[in-house]
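Here's a structure for you.
Chain lettering (A, B, C and D) follows the sequence in which the chains are written, and residue indices restart at 1 in each chain.
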C-alpha cells in the first residue's frame, strides 16, 4: 500500500533505482483519451538530468514504454502500465552503504524495516529516480486536466534563500514561467542568482535546498470533500510522496498564522457572472472544497543529502561510529528538477478528485 | 469517503454542529484495551471552550457516550461508536448565512457542492465542533500509544507573531508543556504575551491565528511506508482534516530549504546501544519511515474567520455584492483549543501505522 | 475495516446485540435526497421479528433514529448516522456461552480473536440483529435506486427443500412477490408448505435453512468494473456479510456448470431500440459489467444454529468435552426475515457502483 | 480500482490479451522472502495451455520476468512487478467482434463502458490470459503460505455433470490430487470420463463447464474479520475476478440450505490439545473468522462461451440482428486450467488476511 495513491484514479509505482525497470500502473483513466506522447516526453525531459553544471552526469533516457492500457496512443479503459528500463547503472558506487547509512537518506530506516534484503543500490525504491514514474502518471493527468480546462504550472520560488517573485494568487501568470531556463522561475535574474548559490555550494562539496510554488487554474468550485479528503489533504499526501519534501503550505500558509482575521479573510465579490474572492489567502480551498480560485501550494525541499564531504555515520554491523565519504554522481540541488514533479503530484491529486 | 481516515484503524466522523448528535466510529482497535474514561474526559476538556475571555461562551459538555464496542470500559473488538448529543444550539444565529456566505468559511463551497440541502446551521459538518469527535478517537489512541511507550504532546508555538520556544528536537520536553495554563506553552511569559494579542484582537472585533508544534516520542524506528504512506503523508492528511490548518512542516521544515546539506543532514551516532542522530532536522522520518528520533511537526492555523466586523460578501440568490455582519459567539483565537486536537490527529495517524 | 463496505458509498456498521445501541454511518449519499421515513420503517418491519410462530418472541422496535446527515428528512451531504437503541435485552440467557461455544456460531472463533474481551451477550457484533443496520442503509439505497429507475425485490426460493418457482430471468415479476405473507414467495402454496416444514422442525427442537433469490431490474448496462470490482464481486462481498450465508450464485450459477456452451450462452437480440439477450443465464453481468438485463442472484442460508436440542461442545477453560443446551428465543428459520436483508445488501452494492 | 485487490497485500493486474505485455504489481510482501522461481514456473505451467486435445493450440511461454522488487530471487520490500511479454498473437482473428458481440463474452458490456476505445483484440483485459498474472501473484503467495504451514490445493470436482469425489471436509487429502493428469482429480476414472465429455462437446463444436473445489489446510483459527472482511467475503471477491465463475459456496454451501440445524451444526470436540469440530459443514469459517478447520470452497465455471457454432448476435452499428461465427483457437473446456487459478485466488485472499 506504500507506493500507491488515489481512490478513483489509482497510481501505483514500482521499481528500484537499479532494478530491471521502474514503472507505474494507472487505473481509472477514462477510455478514449488520446495521450500526446510527444508532449509527455517533453514534460518528462524537464525532470531528466540535464547537461547543466548543477545536475548529475548520469544520463537517463527515461522514456516510458507503454506496455498496456494504450492502443495507438489512446487509452482503452483498462489499466495503463508504462515502464522505463534501467540502464547505465553503476552499482558498485553504493557497495558500502548497507554498512554505513548516509545521513539524510533512508538507508538506516530501510535497513530497520527490510533488513539486509533492502535493495540499497542507488537508493532502491527511495531513489529520486522513482519520480520519473510519478511524472509519467502526472504528465498524462496534466493532459487530461487540460482537456477539461485546468492548467497547472510550478516554478522555483526559492533556492538557498534567493527568492523568485510569487505567483499572483488571484491570477497566477502560469505562462510566464521560464520553463526553458536551467531554473524555472518568473524572474530571470532570480534564477541566475540561484544558480550562483548552487555552484557555490557545489564548489564547497555541499548542497542547497529550496521551495517550489505550484498553481492550478480552472479547477471548478465544488471539488474535494470535507475533513479528510479535501484539496489540501490529498495534495499534501501526494506531495509528501516526493523525496526530500519537508513542508507544504496552501495559500497564505504559515503567513496566515501571523495575520489578523480581517486581513486573511478573502472577501467575496462578483466578477462578470462569477462568484470570486478579492484575494486568495485561502489558496483555492475552503473547508477542503475548491472555491474556483487558483489552488496554490508551496513545498519545502531539503538540500540534497548526498554530499561529497566526509560525514559522521556509524557501522551497523559493529555498532560503532565511523566516517562516511559518499562517492558518486549527485545533484548539488534537486529543486529545479522537482518543478515538473510537483506539477505531476498536483495533477494526480486533482485528477483523483475530479474524474 | 470524506470524513473517514485510516487503513488499519479506521476513524469515521459524523455529525453537524446542530444535528441531534455528533460522533465517531473507530474500527480496528485491539480487543481488551481498557479506556481510562476519566483521562479521556480530562483530555477532551482541554479542547472544550473554557471560561476564559478568549473562548466562546457556548457551553458544551462534550462528554462522549459510548454506544458500542466498549463493555465495562474495555474494548470488545467490534467497532467503537461514541456520540455527543448536541444541546444548547442557537440555530437562529445562522439564518442568513445560506444567502450570504461568510468570508474564510466553507459556506460558499458547501453551497456549490450540496446546494440548498447543506446544513449550514453552526457551520454544519464543517464546524470546529466536529473536532470533538477527532478528540474522542485521538484520546483513545493516545492512551493506546502510551501503553506501548509512545507519548505525544503539543504546545502553542506562535500566536499573532508571539513565539514560544521550540521543543528540543532531539529530546522534546513534553512534560514541561504548561497544560493547565489558558494557553499551553513551554514559556509562561510567552503565553501571557499571546493572551494580550488575543484580547487586543478581540477588542478590535478581530481575530488572530498561530502555529502549534506537536511531538511524539518513543515511536520505534521502522514505522511507516515509503512514498505515499509515510509518516509525513499520513500525519499531513489527518492534520489537514482540522479546520483552519493551512500548512504543515516536519523537522526543520521550511527552514531546511534554506540550509546547506552539510548543515541539514543529521549525522548518525550511537548512544548507549541505540542508533540515533545527533540533530533532528529530519523530524523523525527518513524516506517516510520513522528513525526512532522524535517525530515533530508544526501546523499553521489561520485566524478565526468569524469576526464581528462588517465584511464584503455577496447575495447568492441575487448575485450581487452585499455587506455581511456576523452575529454569534466566536473565539477570537482557536489556536489554544487546537492543541489537543493536533495531539489527537497525530495519535490517530501513528496508531494507524503501528497497530 | 471489518464492518465497513463500499468505495464511493461507504457503509459502516457498529454495535453489538446488547450494547447501548447499534447503528450505521452512510458516507457518500448525494445531498438533497429526501428519505421517505414511512417507507423505510415499512421496509425495516419486514425484517423485524413478527408475531408468527416461526419467529422469536423478542420484541424489537428497531426504528432508526437519525442523529446526523439528515435535515427535515433530506440528506444534507454529510455522513448520515442512524442508531437503534437496544432495549428488552435478556443478557442472563447467554452467560455460559463464553465457556461453552455454540456449534455453528462465532462464539469460538470470536474467543480466539478477541479473547475474554469479546462481548458474547446475544452474539455481540455477530448477531443477526446487526442486519437491522444493513437494512437502514439498504432501505435508503433502495429508495435512491428507485429514484433512478432501479427496482430490487427478493423472495424465498427454497426452505427445507420446498421450492418456490423462480423469477423469470428475463422479466422477473417483482410485484408478484407476496410481501405481506408470513413467507415472501411467488407461489402462495409453496409458502404454506415451507411453513409446515418450519413448524415441524420447531416441534422437533430443530431448525431449517433455505435459499433467497434476489433480482434488480433497471440497472443500466455498463455498471461495474472488470476483474475485482464487478457486479458479482461486490454483491458477493456484501452478501457474505449477512450471517449464515454459505453460498451465492448469479444467473444460472451452479447449473451453468452443467450446461453446454450452446445452451448457456445468451444470444443477443434487439427489442425495440434496445440490445438485449434472449435468455439470462449470465444473470445480468458479463465480464463483471452490467448488461442491462436483470441482475439475479441466489444465496444459500444455513439452518439457524441455535437449536434447543442438547449438542456436543467443549469447556474452553477445562479443555474437555461438554454437552450444551441453549436456552433463549430463536427462530427455527431465519430465511423469511433474510428476504429484505438480501434486498438491502444488493441495493448497497449497486449504489456503490452507480453513485 | 477494477483490477486490484487486497488491503495489506495489494495485487494490481494490468494488460490486455494483445498488449505489449501483461503483468502484476504486488505490494506488501514481506522483505527477505525467497521466491523459488522453478516452483513458480512449475505452478504456472499447470495453467498454461497444454498439448492436449482439450486446450487451445496457442503457445504461451507465460514465463514472468521480474522487473522490480526482487533481488537475486529475494523480495526486497518494495513492490514486486512481474510481466509476461505478449507474443504469438493473431490479432486478425478478432476483427469483426467490435461490430458483433460474442454471446457470453464481455464484448457488448465493454463496448457500452469503453466505447470504440475498448481493446477487443483477444478479449482485451477480459481475456482469460490475464489469469496468468493472477497465477504469478498467487504462486508467490502459495510459497509464502507454505512457509507458514498453510497448504492449498484444488481439483476438478465436476465437468459436464461428471463428478470427482469430494475432499474429505475434515482432512482433505491434498496430496492425492492427480496434478500431472490432464485433468486434476482425486479419482482417475472420473478424470477419464470428464475428458470424454470434453471431447464429445468439442466434436459437436460446443463446450462444457464445471466446478472446482479448493481447500486450504493449516490456516490458524482467528483469521478474518466479522461482517464484510471475513474469509468468505474476501475469497468470494477474489474468485469472482476469474472469468466465467458464476457461483461460489463454502463448506456444505447450498446443501446446508437443505439440512436441519442438528445435521448442519458442526459439534466441537477436542483432539489432542486442539479444539476441532467433528464435521466441517461450515467450511472453515464461522462469523467470517477461521476456525482452524480446512477452508473449503467450490466455484462454478460456465462453459467456454467461444464456440464454433453459428450463434445469434447483432450488428452494433446497424442495430440489427446478425449471425456470428467465431473463428480462432478456443478451449472446449477451461475448467482443468482453472484449477491452479483457483488456488492462486485463494492464496491471495488468505495472504491478505494473514500478512
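Convention: a residue touches a chain if its C-beta (ideal position, glycine included) is under 8 Å from a C-beta of that chain, and two chains touch if they have at least 3 such contacts.
All values derive from a computational prediction rather than experimental measurement.
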Query raised in the report: Which of the two pairs, B-D or A-D, is linked by more C-beta contacts?
Result: A-D
Query raised in the report: Residue numbers at the subunit C-subunit D interface: does the shared fraction exceed half, giving same, or fall under half, giving different?
Result: same
Report summary line: When centres are defined as mean Cα positions, the distance from subunit B to subunit D in whole Å is 47
Query - subunit C and subunit D: spacing of chain centres that average the CA atoms, whole Å - result: 27
Query raised in the report: How far is the middle of subunit A from the middle of subunit D, if each middle is the mean of its Cα atoms, in Å?
Result: 39
Report summary line: Touching at least 2 other chains, the residues of subunit B are 1-4, 7, 13, 78, 110, 113, 125, 226
Requested in this report: Mind listing the subunit B positions that touch subunit A in their complex?
Outcome: 1-5, 7, 13, 101, 103-106, 108-110, 112-113, 125-126, 130, 158, 160-161, 201, 206-211, 221-222, 225-230, 232-234, 236-238, 240-241, 243, 245-254, 256-270, 273, 275, 277-278, 281-283, 285-292, 300-307, 309, 311-314, 316, 319-321
Requested in this report: Would you pull the subunit A residues touching subunit D in the complex into a rising list?
Outcome: 1-4, 7-8, 10, 12-16, 19-23, 25, 27-28, 31-32, 65-69, 71, 74-81, 83, 110, 113-119, 124-125
Query raised in the report: Given the complex with subunit D, which residues does subunit B contribute to the contact?
Result: 7, 78, 226
